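As written, the chain order gives the labels A, B, C and D, with residue 1 at the start of each chain.
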Amino acid sequence: MTFKAFMSALAVSFAVPWFLIIVVPYAKMRDLEPVHFEQDSDGRDEVYVPRRSGRISTGSAVYGANGCYVCHTQMIRKGFAGSELGRPDWAGFRVQDESGVSINTSRETTPYDFVGEEFAHVGIMRVGPDLSNVAGRVQKYLDHPLTKADSPEGWLYLHLYNSALKTVTLNNKFGCPRQTHLFKEQPRVGQGSPNAVPGLENDGMEVLPTGNAKALVSYLLSLKKDDAVPYSINYSRDKKKAE
Amino acid sequence: MDSANDNPLKRFSTFWVGLVLFAAFGLAGLVLGIGFNKPVKNGYDEVNSERRETIREEVDKTHAGARDMADKSFERVGAVYLESAPVAVEKPEFILPGSATQLGKASGGTGVKVPAGFPEVAADAPIDPAVMAKGQALYAVCSACHGPNGEGMYHINKTGPPLADSEWVVGPVANLIAIQFRGLNGTIEVNGKSYTPVAPMAPLPLDDESVAAVLTYIRNSFGNKASPVTAEQVKAMEGEKGKPMLSPADLIPPK
Amino acid sequence: MVTDTDSDTALQKDLELRARIDRSLRHPVMFFFTSGAAWLAVAVLLGFISSFKSHDSTFLANLGFLNYGRVYPAHLTVLIYGWGCQAAFGLIIWLMARLSRKECTSVGVILTAGHLWNFGVSVGVLGILAGYGSGRPWMEFPAAVWPLLLVSYFFITIWSFIQFRCSEGGKTYVAQWYLVAALFWFPWIYLSAHLFVFVFNGHPVMAAGVNAWFKYALIFLFFTPVALGTAYYLAPKVTGRPVYSYTLALFGFWALAVIGPWAGMQKLAGGPLPQFLPYLGAAATVLILIPALAVGVNILLTLRGHEAEVTASPSLRFTIGGIVSFVILGVMGLGLNTPASLKMTQFSLAGYGFEVLAIYGFFSMCAFGGIYFIVPRITRREWLSRRFISWHFWLSLYGIGTVVVCSILGGLFQGAAQEAYNAAWSDAATRNYAYNVGTTVAWGLIIFSSLFFLLHLLLMWARLGRRSQHPTLLKGDHHEDSPHGPDGDLDELQTAEA
Amino acid sequence: MAHSKDSENQRPDLEDSTNVVEAHASLLATGAAQSRERRIEETGMEPVSLWVFLGSAIVLLVGGAVVGAGGKLFNYDPHPTGYVRPEYISDADSGPTIGPIMEALMKRGKNIYTKCSGCHGSSGAGDGGNRPPLANSEWVTGSPERLAMIILNGVKGPIVVDGKTYGADVMDGQGPLTADELAGIMTYVRNSFGNEVGDVVTPEQAAEAIKISNVRAGAHMSADELNANHDKALEGDPIDPSTPVDFETLKPVEASAPAPAE
């Protein structure tokens, strides 16, 4: 086998998969067609524009730099590949829709859910819970009578600072490691600074979140991916049964 | 070492062949990448920009009314004043005896008449600074149409003509007092230029001292120099109150 | 007919050429092996800390920069770029020089590029620990580091490609196929993956897909060929027997070349990207068992009948450990990537177990085999102590065996608990506590093994090895009266050679 | 020849002499490792055993099956066609919404117990070491206030359970808990793992216990302190375990309400 034949065979055996599973899907996913709500099936006729508010790009960078993706995932897999959809409060919530009927807003992750981020932190190991709908869960933890935090940001600051604190989920010792580097402690002067984290005052010290902590919490509170999607990418059973 | 297969030329060429081969797929990716980095074809920005235009049009429509309302506000104010001219009294018995209307009716409309015994004031009579200060304070209301320095607002929104070196201001005092009581409407010639304000000057319900003070102020500032106006003079002219609005023709022409 | 004298002079010329090659290579190769071994010790220490933190979050809790989210990426990146790549460079340079029978003429350039590589890796790791990591698995170095690594890679390995191109005697060995393939696959994967993930702005999920492909491409298309190249060189070299079957070697090589580039995207199975991509990646990872079987059979049959030699020679012992790990890796690939098991192992500890088995169990063991063969030649000293080598071997074997078994079993149980969506989540989260503790103990073992290895290598680097004609052989455990006599200087040796 | 025989331009080695001849001689003499090396012969042409191809074929089959699971090959549309979300019967919303209070509290207790199963075992048998079992333990089936104090504040020091003394390990308090949660967990442990107390701890009684615990506001309890001041029933009227209640609010529902069709 001559050198030239060997090199070209090597190049071809690499080029085909490189082109088919990297370049083509990259180009196709980049120009994704936006899906439309249809009048007959969704009751309104407009384009589905995914909306996320909050400091998504900086927060996503802080999320990546601190390795949150090592233990947390952000993907609700489709039914045939995983059963996150069944787990309560992971893919969506039980809410009363406008006509008072309690519906389950769980749905799979769609390509439109990572809008505003450069890199989807899909995650490596799922030691901690999936974070696709963490914003909704935090809201529910706040409704628990014993939680110390008064706002979603407050709960998340408490959790990041010391997840062993009995905010609401009964703690076990392999909880989320303490992210104390995201906070700074300072002596409490007078009645303390307004943006100190409530519930963390002890013996004259108060804890303030740094810029990174605020960006991260704002990013986490933007993670709510259970909004209604158009009929064409809505795979729920009762909808399909309706036909 | 320098055999057929291993000479510096071959080594040099292999170096560059190696470089090209190493970077083969990187360069291919870069070339394709340039194709990628053009803005996304019909992604969300296009959809969003359409939405932005529709929202822009709606906003313009709802605010259209408000915008032109702002431009013509003074004409409208003027029109309101014109329509709201005092309604002619149908039956004579409605007039209260001794009221300004009754006096005005009695002395007949149109022209400004200097009543008998109208007190005269010397041109160089001393001016009390307290009166001037009070006049200046009161002038704030007048500055809305005559300009803070009496230069008039006509050139901006066609309202008040200038008071600075205006022959009317330094002219007969009776004119000024009559204007204060009966207001003025129509085209007036000041200092050689003619002005047709969009809104007539409204009669101002001030007491005698205030009218005297403000008139003394305008006759002795913005470059004017004239005799002060006293409360007695204003009192003497109270017959003019209640008469219909003056037109420039009714004024006593200044010398 | 080649007369006796001719063969003598040929042998003499051959010996002289080998000596000259080794002399010319001693600085760059020794540099890569020692700095690689140092990075290995750091990587294993970070691995121990990260594993300890995974089951006890109060361990070193107050050190912000040792937060679990930074120690785990640092551990993996140092293991791959600090140790893995540098060991691979040392092996490629030495093997290619020996196989193409060419001296290395650009030692200076290679050394500077090597220092640049080390500088890049240290800046990268400090960047990760300081909190500037990029957040892409296996590409966590701050974004400015990857071009530096790529340029220094080029100036390290282009000379080996030149040697391969300009070698006389037109005969290319099986090992050379693998080494040249590795030479080219690395930049192809590294450059295109970093372009697609960092430089172009495309869809975030597709960037994650390319990143997942990059992880498995690096394992199957850079570390695997280098390790197989070393194995295909050492097995015939130490036993003096030809490689078992040429066709099998050819089949194994082209099977890897065809199957390898497809693997990797199964990390996103069930995710919001074209549905065939992840399952194609899973299928490719399953099919890696084919080249694994081919190579395993080929190498093991080459060594059949030389069991005494295999147990005695340290380099062969490590190589066999590596090749057997490669076959186990193939079987694990099959086991973990069927749709049913993928459902459980996709987001669990099993992925970590697979990667550690590939990087440490397979590649590093083959690399250790190569190092134990190469270092005596370039330093002209024999290994100082047999015990260091055997400690290094057994601790590595048991350590990695435990890490892999704990991670993969723990991953499977954790995945099963995750799939039971009605049970409470804390039940799934606490399921792998015992397996984490097992992994920590295992990494503790490997810390000692890497310290032994580093110390031994530094002694050789300082020219303090044994000056003797005979190799340091591991005493064959099963027969005490081995021909080598007691430890230390050996008298005349007839049969076994290393 | 371009390259000199002896590449002295290399940096000299530690004990290198600059004399060319001597260097050359030493090169040969000390090249022990190189001298004992063997030449690599040609690669062998042994026939490939059938097993390798058979094994590869089987692996190919498995690979084919895996690719099959990926739907149509090279269909780059990220939205899968023909996929319907499967049915997930989750305990949370299955099961009755109105039923006896015993069932309501047992269901709540079962969810919370996952946090205790780490130490006391999923079947309440303890961990065989220094963590006591809950099955037929007099602390569990005994006076409810004592059990509430144990759960809310934890236990330190020696304690005799079912004849055996435990004390090596300290149990941390599992508070704070809401009244419903405490009532749920107490009812669950008192009526599972073989314990058959049969009565129900109502949320009101649990609230009383929480008040007592807050008043004490101490750290871990000791066995003697438990027996001395807390060995009594909780105030609040006990409730008949079969009174129908709304599962959500645990408020009694008048019995006449027809059971909703499930």
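Keep this in mind: contacts are C-beta pairs under 8 Å (C-beta built on N, C-alpha and C of every residue); 3 or more make two chains touch, one makes a residue touch a chain.
Remember, predicted model here, so these are calculated numbers, not experimental data.
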item	value
Chain whose mean Cα position lies farthest from chain A	B
Centre-most chain, if every chain is reduced to its averaged C-alpha atoms	A
Most heavily contacting chain pair (counted by C-beta pairs in contact)	A-C
Chain centre separation in whole Å, for chain D relative to chain C (CA means)	34
Distance from chain B to chain A - Cα centre to Cα centre, in angstrom	56
Gap in Å, rounded to a whole number, between the CA centres of chain D and chain B	77
Intercentroid distance (Cα basis), chain C paired with chain B, Å	83
Of all residues in chain A, the ones touching two or more other chains	7, 11, 14, 18, 25-30, 32, 78, 80, 83, 85-87, 108, 110-111, 170, 172
Sequence positions of chain C contacting 2 or more other chains	165, 184, 188, 192, 196, 200-202, 205, 272-274, 277-278, 280, 339, 421-422, 426, 430
Residue numbers of chain B (touch at least two other chains)	21, 24-25, 29, 36
Touching residues on chain A, where the partner in the complex is chain C	1, 3, 6-7, 9-11, 13-14, 16-18, 21-22, 25-30, 32, 60-61, 63-71, 73, 75, 77-78, 80-87, 108-111, 113-114, 117-129, 164, 169-170, 172-181, 212
Chain D partner contacts - residues on chain A that touch it in the complex	20, 24-25, 28-29, 32, 35, 78-80, 83, 85-88, 94, 107-108, 110-111, 144-146, 166, 170, 172, 232-233, 235-237, 240
Chain C to chain D touching residues, read off their complex	14-16, 18-20, 22-24, 26-27, 103, 105, 107, 173-174, 205, 233, 236-237, 240-249, 251, 255, 272-280, 282-284, 286-287, 289-290, 293-294, 297, 301-302, 334, 337-339, 376-377, 380, 382, 421-424, 426-427, 430, 463, 467-471, 493, 497-498
Residues on chain B engaged by chain A in the complex (per definition of touch)	21, 24-25, 29, 32, 35-36, 40-44, 47-48, 51
Of all residues in chain C, those that touch chain A in their complex	53-58, 61-62, 64-65, 67-70, 72-73, 131-137, 165, 172, 177, 180-181, 184-185, 188, 192, 196-197, 200-211, 213, 221, 254, 257-258, 261-262, 265, 267-274, 277-278, 280-281, 339, 342-343, 346-349, 351-352, 414, 418-419, 421-422, 425-426, 429-430, 432-433
